[in-house]
Amino acid sequence: MLNLLNFVIWAVLIIHVGMLLVCVWRVWRGENIIDRLIGLDITSTLVLIILILIAIIEGNSIYFDVAIGLTALSAISTIAMAKYIADQRMF
Amino acid sequence: MQSRNSAIQMTLLIAVIYLALTANLEPSNLVAAFLIGIAISLLIRPRQLTIAWQRLPLAFWSLLRYLGILMLDLVKSGIQVGRIILNPRLPIDPGIVMIDTGCQSELGTALSAHALTLTPGELVVEMDDQGLLFVHCLDASNSAQYVAEAQELRQELLSKIFE
Amino acid sequence: MLSPWLVLPLLTIGLAAVLPVLFFRRKSSTLRMAWLMSVFPATAFGLLLWLSSQVSPGKPVTIQLEWLPSLNLSLSLYLDNLSALFALMVTGIGTLVVIYTGYYFRKDTSAWQFLAYLLLFMTSMLGLVMAGDIITLFIFWEGTSITSFLLIGYKYKTEDARQSAFKALFITGGGGIALLAGLIWIASIAGGTDYATILASGNALRGSPYYPIILGLVALGALTKSAQTPAHFWLPAAMAAPTPASAFLHSATMVKAGIYLLARLNPSLGYTELWFYLLTGVGIITMLVGAYLGFKQNDLKALLAYSTICQLGVMVAMIGQDIEIAYKALVISVLAHSLYKSALFMTAGIVDHETGTRDLRRLGGLARLMPKTSAVALVAGLSMAGLPPLFGFLAKETLLATSLHPSLPPIIGALFPWAAVAAGALLLAQSGLFVYDVFFGKPSDLQHPAKGHEPPAGMWLMPAIPAVLSLAIGLLPEPERLASFLAGAAGDAFGSPVKVSLALWTGLSAPLALSIVAIFSGCILFIFRHRLRPAMQTLLPAIQLNAVYNAVLQGIDRGAELVTRLQRGQLRFYLAIMLTSLGILIVLFQAIPLRYLNDLLPSTPVAPGRLDLLRIFTLGLAVLSSLITVFLRRDLYAILALSISGLAVALWIALEPAPDVALVQIIVDMLATVILVLSLTRLPRPQREKARELTFRQSRPGLLRDGLIAVGSGLLVATLVYVSLSTRPHTSLVSPFYAANAKPLTGAKDIVGAILVDFRSFDTLFEIMVFAAAGLGIHMLLHYAARKAGDQEEPDPRPLAPDEHPALGVGGLPTSSLLHLLAYSLLPLAMLLAVIEMMYGHDQPGDGFTAGIVISLAVGFWYVIFGYHFTKKQLPWLRSGYLIAVGILIGLINGLLSTLFGTGFLSPVDYGSMLNLPLPSGFNLSNSFLFEVAICLTVLGSATYILDNLGRPKEADPESDALLRTIEEETIPQSGRRSA
Amino acid sequence: MEMLLQIIGLIALIAGTLFSILGILGMLRLPDVYTRLHATGKVSVFGAVLLLVAGISLTPLSLGKGLVLIALLLLSAPAVSHAIASAAYRTGIPMKSNYPDELRKHLPKKK
Amino acid sequence: MNLLSALAIGTMFAVGIFQLLRRNVIRSAIGLIILTNAINLFLFTTGAYQGVVAAYDGLNGQISDPLPQALVLTAIVISMGGFSFVLGMLYIISVRYKTSDSDQIKGLSH
Amino acid sequence: MNSSWLVTLPILLPMLGAVLGLLFRKLRRLQIVVTALVILSALATSLALLMTVSLTNRPVVFQVGGWPAPAGITLIGDYLSAFMVLMSQIVLAAGILYATGCQDKCVRFPGFYPLLLMLATGLTGALLTGDLFNMFVFAELMVISGAVLTAISDDRFGVEAAYKYFYISLLASMLLLLSCGALYATYGTLNMADLSRQISAKPDLPLTGLAMVLLLVFFMIKSAVVPFHFWQPDFHTAATTPLSALLSSVVVKLGVYGFIRMTSLLFLDQAPEIRQALVVMGCIGVILGGFGAIGTHNAKRMLAYSTLAQIGFILTGIGWGTPLSLAAALIFTFNHSLIKSAMLMLAGGMASRAAVKSAAFQVLVGVGKASPAAGVLFFLGGISLAGIPPTNGFISKFVFFTSGLEAQAYFSMALIGVASLLTLVYTMRGFMKIWWEEPAGSAKTKTGGDRLIIPALLITLCLILGVWAEPLVNLSQHIVSWLDNPAFYIQAVLGG
């Protein structure tokens, strides 16, 4: 069971890290600005997931604290950028 | 009055989150939780949320149900969209439709929009304060019906939570 | 012999130099002041007479003041016959010149300045000749250069005066630098600076391999000062000085400083071939140049200046000799020249002052108008002409005698006498010009004949005294005391006793014959002057050393221009040069550890762990997305890629594993993204598009340059990384300590946090100050400096809706309530997170910095969602300046508290357990908590300053506007903007 | 208990990853930004929530933080999707084909 | 592996320097961030040993060297301060010089 | 009170002042009073620190937080750092007092004095810290506060100067960080005393050389050594006068301090190579700076270029490496700080009297007419800069020449001689332009301007130090005798 779990965790981790590459590609070659922004947003979701996986691997909940900070701030920054894109200004 | 209520609610909410995050129910930590909640409420001076205090148990139950529905919606939503994505034909019929939630308050509209966005195939693009939502649907032709139904249930729960 | 009295003459004059400033500023008439002032040099003269009577050959009077014992330096004075001779001339003629100045400037109430300069100069000059060691000498030497600069430039409103003053300073100052080097060198070889030591180390000096250089340096100083060819040209230019200054500086004193120095050092540096040829050569050439050029002049003072140059050449040539008679000639020349030349200068001043011109062509027949002055001129002029029975005759005789001395080497021996004859003849003709043409002949320019009258008695009496002395010394049969005094002086210069007799008539001799030849040919020159002088104007104009001087200055200016052109204003160019220089230095220092790199390569572990692969992959992602920022054209796209790169770096850090840093990296990445985009909103789109175009249209060489620099820098870092990684594990002398002591000593589980707020809290204390300075700076810059400068932004193409809740969207729609909901929830949540991070930061990731940034970003989110004004109104406590101040103050107080209750500044103290407070477990009310609060507040203040100012730079701000108005009233109004 | 947690974690891990992949796939496959937002804003978030569940069950002492994180995610994800969609609409990014658009006529005219 | 890491971090630094040398001032600012990141990565590699667990007390296994982490944290804060001030200056420069082209910012020369 | 506190106070007092200044930012009078009091007491403590060092004949060491070195951060006032701190505080106090009488608008901004005190904190801290990374923090504090203060200058180009300065400083900071990292990776410590010990024990590890060059270049950028000088003329000129006076006199001396530390403490084995580089670069700087000063068109800029040259002199002195030449460099450093700050204040004071506020010579021509006393001061400062007695500049030059001769560095001495002449050229030209030439056209000077009492005091100090130079010379020789014995420093920090 533990071995399986371990294997799955690593596999999941590698899959998610690999998917980051897709996001980079998206930001590089997105159709338009919104597409790229979506790429960035999904990147932070992936990073969140990876942080959780690291927490699992390390068996340490401190990575959750990192993840909370990430989640709160990525929402803020994505919305702020959406605002900029729509409005050419932030506030 | 209303703002004091809001402040108390925020205090409680903050205290709960604090306790969740610190994972410690010592009496001193409870005190700390409330002190922190009060301090933050004082600093932010909330003025919007007002929970129906008089019917607290009911409100709590409704809240739980509401959250459950949300989760369920999210699950459904994930599965539905996932199916679409996996389908090689990509069976979508997207479009933006207008939905009148009937909510009068800002908060109500917001919560509706929030819930709607979590539901399968719906995404609020624009909204105003009077309950009008403009929703991008993956399946524009028959979503109106579904949305209306779901909306009704949520509306009822929300009205039980909030005054 | 030691005598403290030696300082008195110097003090007397030094005091006098200060007095005009202190007491006479525009109160008294110049004449009265001058008479009063003259008491001081006169007193000094008297003192010096008394002191010099105590001097006997070989037994100077000295006094030494300890000055810089660490450097073995003292200030000392020294009086032997040689220095007494010069000192007496300085004070004696100085007295006359001071009085003369009073008359010269009698109508000018601001001349107290001139008197002050003159007396300062006199102090320097007296100090120079009385100095007892070469450093003291040098100090006063430079003093004469500086004060003469002020005197020559006294009439500074004229371009001529300024240029001449600068010229003199440039030449003598340059010489001074050489001299200093030479003197220090002498001192280092001799082992001391005082004369006694130096005079005793003649052999060591002459034997030193550096002797030629030392001699060159000293000669450079002395010969430039004494206006020797080819540096003589500053002296005629220095005639721009008021005549009293010329009469003093350029006859008796400053120009003789070089002579004095050479004479002084002759016993220790002289008596070598080099010395002989150098001084004789320069001296003879100068003599001829001065004599020749002087005869061409139309300006009385220029004529006198050149004749001075001629005489100075004679003196230098004398010092070059190693025969007794030359030193007799030297001292006699020095004295005779001082007497007649000061008289002549003062006379020229009278002529100039009374007639308004010094032009020979306009002057003539003044004897009728000013008989007394002309008598003085006649006597002094005859002395200059070298005619008996005047003292000048004796000077010329001894010179000729020297030139005929059998010991001279053949070529010099053949040339010297005839050069002396030629110079003598020209000098005679010159004095004819001065005396006859001015006072007795008719002006050649009849259109503008000069008119004038006799000056006040005091004025002509002053030149009369030296003139009469010239006559008296010649006429008196044998002034025994003077002769022995001069003999002593000559002996001091010669290094062994010299016999001096002042008898004019020594019988028929070869010198006399030459003298007669000189007088005869001088008369012929004078008679044919009207033909010769115009011819000379065209002949040999080539000796234009001024052109050389100008070329040198132009060369300097050219070089200067080249250097300043290097400062071309382009930051990129600067950075490129610096990075390249860094590379060059690295190569020159052979700092790249090539041989180690070789050693390390095979030892690289081959089998990487799973985590390693992930690490390298995330690193690759980070690099890739940074690289993308180069290629993405639009700035916003690049910023998005940058944001991803930052996140990838955060992941790498999380995998390291370093959760604390990962959290901060994430937060900072978000902050950086937000404020970068925010600053995009501040730059007008056309501007950005233009910059983008230019960036992507860079030339190939430019790209190559930047690329090479980038690759080079990259290799540098790669090397650093590679070596650090390959040599792992290394020993850290500190980390084990931190790991072992974090929990027991600071109560922190988070070792990194413990380092930040405990072990290296001093870093953190000032790091937040840096952050505070940045925030405060942005506020000062955008809210004060920019406003004051009236910086005008181009009008906003999309003005804000007047609504307090500005729309998210285009059409004036309000922000959606969904976002309101999120914003409402995020701020308290952010604050809660912040509180938790501060409270439990010692056990988990997050610290005060994270806390502050999280809150400020949530506040920034409110700006976005609710609008700036609403947020400001809703959160009145958000006052960045105070937050910063309070934050740092808490940091400081925290440090002090732990001094009181702990073991020292910023030492760990747990106040909670100290006071037995029932606190939640895991939370310590300790110094680190206080510190985290301090950090959080400071960072919050600063970050909100940053957001406010970048987002709303032109936000109406009554506070700064009011202050700026006050400032505008307080300061003196400016009439316009800076032009260039 | 531990075993149960491990099983939950395993399932959540696998399911979450599947959704996560689906989200990315959706981002790549769906035709325009609005439809892609459905994928990233819901599928991926759902994946994340599942992985969070896995995290909670497999990491000691993470329940509170995990729940808060889930709540935060659920709160913010719709808002983010909404904000992006709104920005896309207002910058005039078109939908892929000519589908009904009831919003167009309700927007005030551009000045 | 070490070589790869070294090349990667070196490349990142090189990209930062290259961006720093662009005419577009925004690119320079971007370069600044990239440089900061690269240097922070380098600082990590100076850690005395490769850790297995985070630098917390009471964890099993080799902790990662905490000192470089603390240094990086300090350096990050400082560079953020500087970075935001640069952005402020960019605004003023844009207003005063009417340009975002680094080469045009040359009011001061000679 | 323990005397080890003396080493913290020169840092903490300005910091406290900055905080109080921020709190009182709306009460300008009070802010100024607090600032002045703070800086004067910081000066007093620096003096006390130097006296303590000299009386007890041992460094004053303070382990911050009580952590033993090398784990914690050590503050150490040895002879060298106490001396440099005293020098800095003198000029800092002078600059701040000058600012109180300055007519510039930016000095009235509420953040001006706090930021100035932050600069003071940074400078003092960088000199007193015994930890390389801590020095980075303090250096950054200097960079940011200096950049801010220059950017808000009344001069429109201030922001440009600050921008360039910032980027170039960024380069410097990066090099320092790289160096710190390399040193930590190699020797496992950042404490300078500890580093010294480790490097002496193993002077030839792979990254030692690179770390050394990076650190060297860091200090070169800080001291604006040619060719790392490009920021300096702009930055020192565009700043408001009291700040220019600080920047060009003491702030650039951080590098000088660094060079001395590098050659006498950190890199003892490599010191000869470093010295060689210093001599070469110093000589280049001496000539380039001199020419630049002559070629420029602005009085303050002239003085900034002059600083390039003067730093070149100091570098050469350090590079010659003999005890006497080191002493000469120290004397030069001290004297230059006084002279240069006074000269910049005078130039700025004149600019404040010009019709159009500017230090450009074309504007300044004839401005001095209204203030002849300032002319006297400028003249004295000029001859002091050129090393002419009876000023302290002469003492510098004298010791310098003596040591150069002793070091048998004839070529560099020749260059330095030429540079001295260049100094004379530009100072006197500047003097003549401002005080002797007639203003062109109808340009009128203003009736008032910056108060000039501070430069007057500084020039007086220059004269006093010219006549009574023994204390300074003696002190510098003491410092050098300590530098000769790095074990003293190491022992004081690490004990044992």
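Read from first to last, the chains carry the letters A, B, C, D, E and F; within each, the first residue is number 1.
Rule of thumb we're sticking to: a contact is a pair of C-beta atoms (placed from the backbone, for glycine too) under 8 Å apart; a residue touches a chain by one contact, two chains touch by 3 or more.
Model, not experiment: these values are computed from the prediction.
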Inset, instruction - Give the chains in contact with both chain A and chain B, ordered by label. - result: C, D
Legend entry - Between C-E and C-D, the pair with more C-beta contacts: C-E
Inset, instruction - Taking each chain's centre as the mean of its C-alpha atoms, give the chain farthest from chain F. - result: B
Legend entry - Geometric centre distance via CA averages, chain C-chain B, whole Å: 74
Legend entry - Distance from chain F to chain D - Cα centre to Cα centre, in angstrom: 57
Legend entry - Distance between chain centroids, defined by C-alpha means - chain D, chain E (Å): 32
Legend entry - Between chain E and chain A, distance of the C-alpha-averaged centres to the nearest whole Å: 21
Legend entry - Multi-partner residues of chain C (at least 2 other chains): 564, 567, 571, 575, 579, 657, 659, 678, 680, 716-717, 719-720, 724, 730-732, 734-735, 738, 759-760, 763, 767, 770, 772-774, 777, 781, 785, 789, 808-810, 813, 816, 818-819, 821-822, 826, 829, 833
Inset, instruction - Give the residues of chain B that touch two or more other chains, as numbers and ranges in rising order. - result: 17, 21-22, 113-114, 117, 124, 126
Inset, instruction - Specify, in ascending order, the residues of chain D that touch 2 or more different other chains. - result: 37, 45, 47, 61, 65, 68, 72, 75-79, 82-83, 86-87, 90, 107
Inset, instruction - Specify the contact topology among the chains shown, as one of line, ring, star, complete or other. - result: other
Inset, instruction - Could you run through all the chain pairs that touch each other? - result: A-C, A-D, A-E, B-C, B-D, C-D, C-E, C-F, E-F
Legend entry - Complex contact set, residues of chain A against chain E: 58, 60, 62
Inset, instruction - Give every residue of chain C touching chain E within the complex, in rising order. - result: 564-565, 567-572, 575-576, 579, 601, 604-605, 608, 612, 615-616, 619-620, 622-623, 626-627, 629-630, 635, 638-639, 642, 645-646, 649, 652-653, 656-661, 664-665, 668, 671-672, 675-676, 678-680, 682-684, 687-688, 690-692, 694-695, 698, 706-707, 709-711, 713-722, 724-726, 728-732, 734-735, 738-739, 742-743, 748-752, 754-756, 759-760, 763-764, 767-768, 770-775, 777-778, 781-782, 785-786, 789, 791-793, 843, 847, 849, 939, 942, 946, 949-950, 953
Inset, instruction - Using the touch rule from the top, collect the residues of chain F that touch chain E in their complex. - result: 133, 136-137, 140, 143-144, 147-148, 151, 156-157, 159-164, 166-167, 170, 173-174, 177-178, 180-182, 184-185, 188, 233-234, 237-238, 295-297
Legend entry - Of all residues in chain E, those that touch chain C in their complex: 1-27, 29-30, 33-34, 37-42, 44-58, 63-67, 69-70, 72-74, 76-78, 80-85, 87-92, 94-96, 98-103, 105-110
Inset, instruction - Report the residues of chain C in contact with chain A in the complex, numbered from low to high. - result: 610, 614, 617-618, 621, 624-625, 628, 631-632, 634, 636-637, 640-641, 643-644, 647-648, 650-651, 654-655, 657, 659, 662-663, 666-667, 670, 673-674, 677-678, 680-681, 685, 797-798, 800, 806-810, 819, 822, 826, 829-830, 833, 837, 844-846, 850, 854, 857-858, 860-861, 863-865, 867-868, 951-952
